[in-house]
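Notes follow once the structure below has been shown.
Note that the chains take the letters A, B, C, D, E and F in the order they are written out, and that residue 1 is the start of every chain.
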Amino acid sequence: MKILVVNVNTTESMTASIGRQAQLAAAPGTEIVALTPRFGAESVEGNFESHLAAVAVMEVVSTYTEPFDAVIQAGFGEHGREGLQELVDVPVVDITEAAAMIAMLIGRSYSVVTTLDRTVPMIEDRLTLAGLYTRCASVRASDVSVLALEEDPEQAVEAIVVEAEKAVRDDRAEVICLGCGGMAGLDERIQQRCGVPVIDGISAAVTLAESLVSMHLSTSKVRTYATPRPKKITGWPISAVRSMQP
Amino acid sequence: MKILVVNVNTTESMTASIGRQAQLAAAPGTEIVALTPRFGAESVEGNFESHLAAVAVMEVVSTYTEPFDAVIQAGFGEHGREGLQELVDVPVVDITEAAAMIAMLIGRSYSVVTTLDRTVPMIEDRLTLAGLYTRCASVRASDVSVLALEEDPEQAVEAIVVEAEKAVRDDRAEVICLGCGGMAGLDERIQQRCGVPVIDGISAAVTLAESLVSMHLSTSKVRTYATPRPKKITGWPISAVRSMQP
Amino acid sequence: MKILVVNVNTTESMTASIGRQAQLAAAPGTEIVALTPRFGAESVEGNFESHLAAVAVMEVVSTYTEPFDAVIQAGFGEHGREGLQELVDVPVVDITEAAAMIAMLIGRSYSVVTTLDRTVPMIEDRLTLAGLYTRCASVRASDVSVLALEEDPEQAVEAIVVEAEKAVRDDRAEVICLGCGGMAGLDERIQQRCGVPVIDGISAAVTLAESLVSMHLSTSKVRTYATPRPKKITGWPISAVRSMQP
Amino acid sequence: MKILVVNVNTTESMTASIGRQAQLAAAPGTEIVALTPRFGAESVEGNFESHLAAVAVMEVVSTYTEPFDAVIQAGFGEHGREGLQELVDVPVVDITEAAAMIAMLIGRSYSVVTTLDRTVPMIEDRLTLAGLYTRCASVRASDVSVLALEEDPEQAVEAIVVEAEKAVRDDRAEVICLGCGGMAGLDERIQQRCGVPVIDGISAAVTLAESLVSMHLSTSKVRTYATPRPKKITGWPISAVRSMQP
Amino acid sequence: MKILVVNVNTTESMTASIGRQAQLAAAPGTEIVALTPRFGAESVEGNFESHLAAVAVMEVVSTYTEPFDAVIQAGFGEHGREGLQELVDVPVVDITEAAAMIAMLIGRSYSVVTTLDRTVPMIEDRLTLAGLYTRCASVRASDVSVLALEEDPEQAVEAIVVEAEKAVRDDRAEVICLGCGGMAGLDERIQQRCGVPVIDGISAAVTLAESLVSMHLSTSKVRTYATPRPKKITGWPISAVRSMQP
Amino acid sequence: MKILVVNVNTTESMTASIGRQAQLAAAPGTEIVALTPRFGAESVEGNFESHLAAVAVMEVVSTYTEPFDAVIQAGFGEHGREGLQELVDVPVVDITEAAAMIAMLIGRSYSVVTTLDRTVPMIEDRLTLAGLYTRCASVRASDVSVLALEEDPEQAVEAIVVEAEKAVRDDRAEVICLGCGGMAGLDERIQQRCGVPVIDGISAAVTLAESLVSMHLSTSKVRTYATPRPKKITGWPISAVRSMQP
């Protein structure tokens, strides 16, 4: 099977990192295609950037011409999964929800450790809308920006471990979810430091997407995620854009 | 003061209708400027269309060159208010939340009557994220599409009244909120038929926006809605787009 | 329009202070009439005193002979708003709920800073019944009594600022609501110290009451707040009372 | 031990009925003293009347000169229990909460069948504030007024049975709570008709009050229900009132 | 009346202690019969041990040949109450739920202080399923094992007091519930130290069971707790077992 | 890898059916071993039977001498998953939770259709404890007993389809979960009739178990599911029992 794994930001090196982690997690026979949105922010750390990302992710998926079996939205706490589910007929998995579900299978409560503090409310909202917030002990911020994860992974691991340890000790988390697609690949190192299972959302999403495909299941089209009604839409797909600094 | 009231769809006649209702509700001295997004769907009735609208609304607001004192997002149950709040320094009011708040001041529970059934979950989500869902008795669909509100207002009033009466009788609603920006102007007619107060979200939002401005209050920038950090963003503002059918 | 603003305690100087703040917040053309209950406690800081206040407020409003367009219950976390809504046909606004709503329009979460710790549960209950508790980060007590607000405003500001700063730093509040009618007028000073918007409930209630009146909306009479059924009631209105120390 | 059972309305025949039911439920050695408030409504069926009742109940209890071991507030869904708890040092039991607790011990969910529909929200609020609403399947109204319970008990039983049967069949209630102090004594007849346990709040409250007294437990005075602080209060106790029709 | 009080563990000395506390709390005329399960763990401190206890408790009750009027499950936070309710026709009271209810009658919030930290989630789950978790301020662990309660009661009291004081000061608890059947008898000592009412679940359960019996109430058999349908069951009752170390 | 799939009842033909469905869902290379408990009820349809099952399942797993990589508890809404998680070091998946999670990935809300009405509360409780109840539209009963599923599958499909259609039409479910291990294999037939995705919990659990194993994840042992402390336990494992009719 082929799974599209879509970065939410425009930074190619992060797409590559996400793709590598996804391929590591994939079963033999699963081809991972990592896609970079054609416009948007170099890192997504707030609502404005996330709304841009929602459209950019829908755009790059709906203009992908080859067949694919599932789509993974590889942004933690970002907008857009519901729109994607309307546009495609294959399963769509958001890495926030995937991480939470896997965590809930192996512990009574989980905490998310993410990047900047301002992204915490967005993750809380995403988990709330998904009906997965009840068993969330906390969402903590390591204060490492998304791009800094790539630039200085050592310092990133330290900062994440500090918050993870607080989550286990003070918030009683039994599992840690890494709260950023860019943290892909750091889970084993953090687990050795923390003493609890650590979930990387990319890996969780890949395996859940594979599960859905092998079970021949896809998004229900009976109501919320039905295909959009035919109507006049201008500016879609957004194929030609002019870049300007705000 | 000047308030921007932004339609979420690209239908100019609906923008005009929204603008008229807003101006009727405004205090003397308040100038209403109704804006139409430059791209997107002719009517917004699902998540895909709503994600496009979120970006289109942000785009038309951030390229509006004259000063303004507040912004109203005139789509019911749509995405985008949080992104707008990051981009501007003036108050932003979403008509869904405005309608719910006004309703909660005059009744113990309220119901929303909206257009198509598939928009019901979007309205429930918006109210949930806003912390205003507890006193919502129900969200009902009249099965009238957004554009049909304009084309056949008589039939629309009938369909809305039928659902409103069920909401009062069966769901124990004490107030009805009209669940679509396009229902602007129908509130008095529906109130005569239903026997309970009927709230039009446009009017509610205009008065709440005026309240915030006169209280010299605006969005807190301390955390969630802080101005986006400076970074490289491509394709923003989206000033040149090529229109294609999907 | 004319709005009655009713103090919940019998201290005339506090009524005057509440009246001044209300008039400052009112639009041109709005006349504020501040009323002092005819009996009750000199300050309301618990349930017993609050139950007395509920009746005293209803009494002074129902014996006010001139016309009025709205009533504001100017006690934070006090009982009584529902009874008032049954007795009058004009809008009734409780300052706790008004403050919370305005706060929720400009921040993702809010904290209340109030007077004595024992009033915290009463405010939590009021917000819960109003369906506005979900976005409340915390209710904190400054340990300043209601009367001390008048006697030593400088020390009061200090104590309130200390709790407000903890609310922002530890509870992640993005807006502060001043949790006592007697804090009217302190909001600007506290905002300069805290760095987040500060809401005074009196001002919030005045603008919300004006909004309801200008929208020609009033309390739904279909169920919960219907006019009381005619029946034999003794001791109402309570026009002659003998004062005794308990 | 001696237990005060306080009617919330001024109708002496109902006080007598309540007193009889309480004495039937009491253990040998427990003396029941049924008290009628000195002012207020002949029946309590709304918030206005309930706020009056709250004060009237506090007044008749605080002017009762002999010792007593517990107080029962014999109104279903009424205001006032919290104020009573501040004023006395002995246990205070509200019949709504007592009925719910006993019901929760013998069934997975319970429904309340009450008098007029307008009292339903008040009962829901009382159960919510008490933390006992989660296992409430529904609150239904028999449409029998409080006074009509006395005037035509046969028709009252019929109307209550109809709603109780709907609660069991449609709402999945496993226990029925009679939602009015005036329904005292009807529980056995309704149980024969319904096939599920039926709880009378008066009986439940008497046994819970006896339990607290025998366990030497009383209201915690550490925070919410601490004795009111000494202060100037006018018009309390309300010993001389002039009766007027509103 | 006769009440069976069933220990969840196999330690006879603890059964005796539980029986003594129950008899102290019982009314004159109530005979307490304390039963020890025939198999299971010497102390129950986790889910595995609790599931064994659930069956062992059902076994010892269903093979008790003399008549009895009620059953008390004397384990805090343990599984099994629902199964017992299906098997017998008399009331069944779980000490966790009894303690919470009594606490909720005398304070706005309560905390549980229990033994080992790993039992905290089990108590939270039990309170959640019972619909009594809303008013729980916290569940704290004293880190004293169940058996150590017997071996060194002085050190146990110290450890419990430390957590109780934190619960009152930091979690705002107004009542403390002792979270282990083995803490029976320590309540007065802890209350003297803590300054808030302290509830022992055994005593609470005895008085609630007596209340149900005297009110002629028992478990509703209409749905959830109906008698099990006749069917082939092997290995029940478990009358002959061979003991082996795991 | 090898996965144990444990029936909760003693009916060998149902174990075989469960095993077949599990093997169909398993990936190449996954060996399914279906186990029948050594004691307990021939079908599990209530709490008493479920508590027996919890112990019987733990018993058959802990006496299985060969290595295995995961365990699936193949009873819908049954007790026991938490105990299993303490006893083994490999992942444990409960089919109720697996079905809910898979459903939540492909629809905004799901309904469960189960066997007898009395099992509905048990399923609600299981989903509540797992933190997966928020997106559950309803749990409906087809009134087909567990054993009747095997005896008359045609009539079973009819009864399940009737309830599923009500769930979609009235409860707005977008996905149906089959609420009994014994419904394994009926999902495709029901999906053809219903028009929405239908999830069989056995298949969902197998794929989730495979996901956990391939991600090298297992139950967190830091707190709730830590290995039981060494202590004296009698009657475990329960290897010799004498069968008697109750």
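One rule holds for everything that comes next: contacts are C-beta pairs under 8 Å (C-beta built on N, C-alpha and C of every residue); 3 or more make two chains touch, one makes a residue touch a chain.
Per UniProt, the chains are A, B, C, D, E, F = Hydantoin racemase.
Every value quoted in this text rests on a predicted model; they were computed, and no experiment measured them.
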Problem set entry | Farthest chain relative to chain F (centres taken as mean CA coordinates) | C
Exercise. Taking mean CA positions as centres, which chain lies farthest from chain E?
Worked result: B
Exercise. With chain centres defined as C-alpha means, what is the inter-centre distance between chain A and chain B in Å?
Worked result: 29
Exercise. Can you give the whole-Å distance between the Cα centres of chain A and chain C?
Worked result: 44
Problem set entry | Sites on chain F at which at least two other chains make contact | 108, 121, 223-225
Seminar exercise, completed: Listed in rising order, chain E residues that touch chain F in their complex are 10, 38-43, 45-52, 54-56, 58, 62, 79-80, 82-83, 85-87, 117-118, 121-122, 125, 128-129, 223-226, 228-229, 231-246
For this session: Under the touch definition given earlier, write down the residues of chain B that touch chain C in their complex.
Result: 25, 27, 91, 93, 97, 101-102, 104-108, 130-132, 134-135, 168, 172, 174-175, 195-197, 199, 203-204, 207-208, 210-212, 214-215, 217-220, 222-225
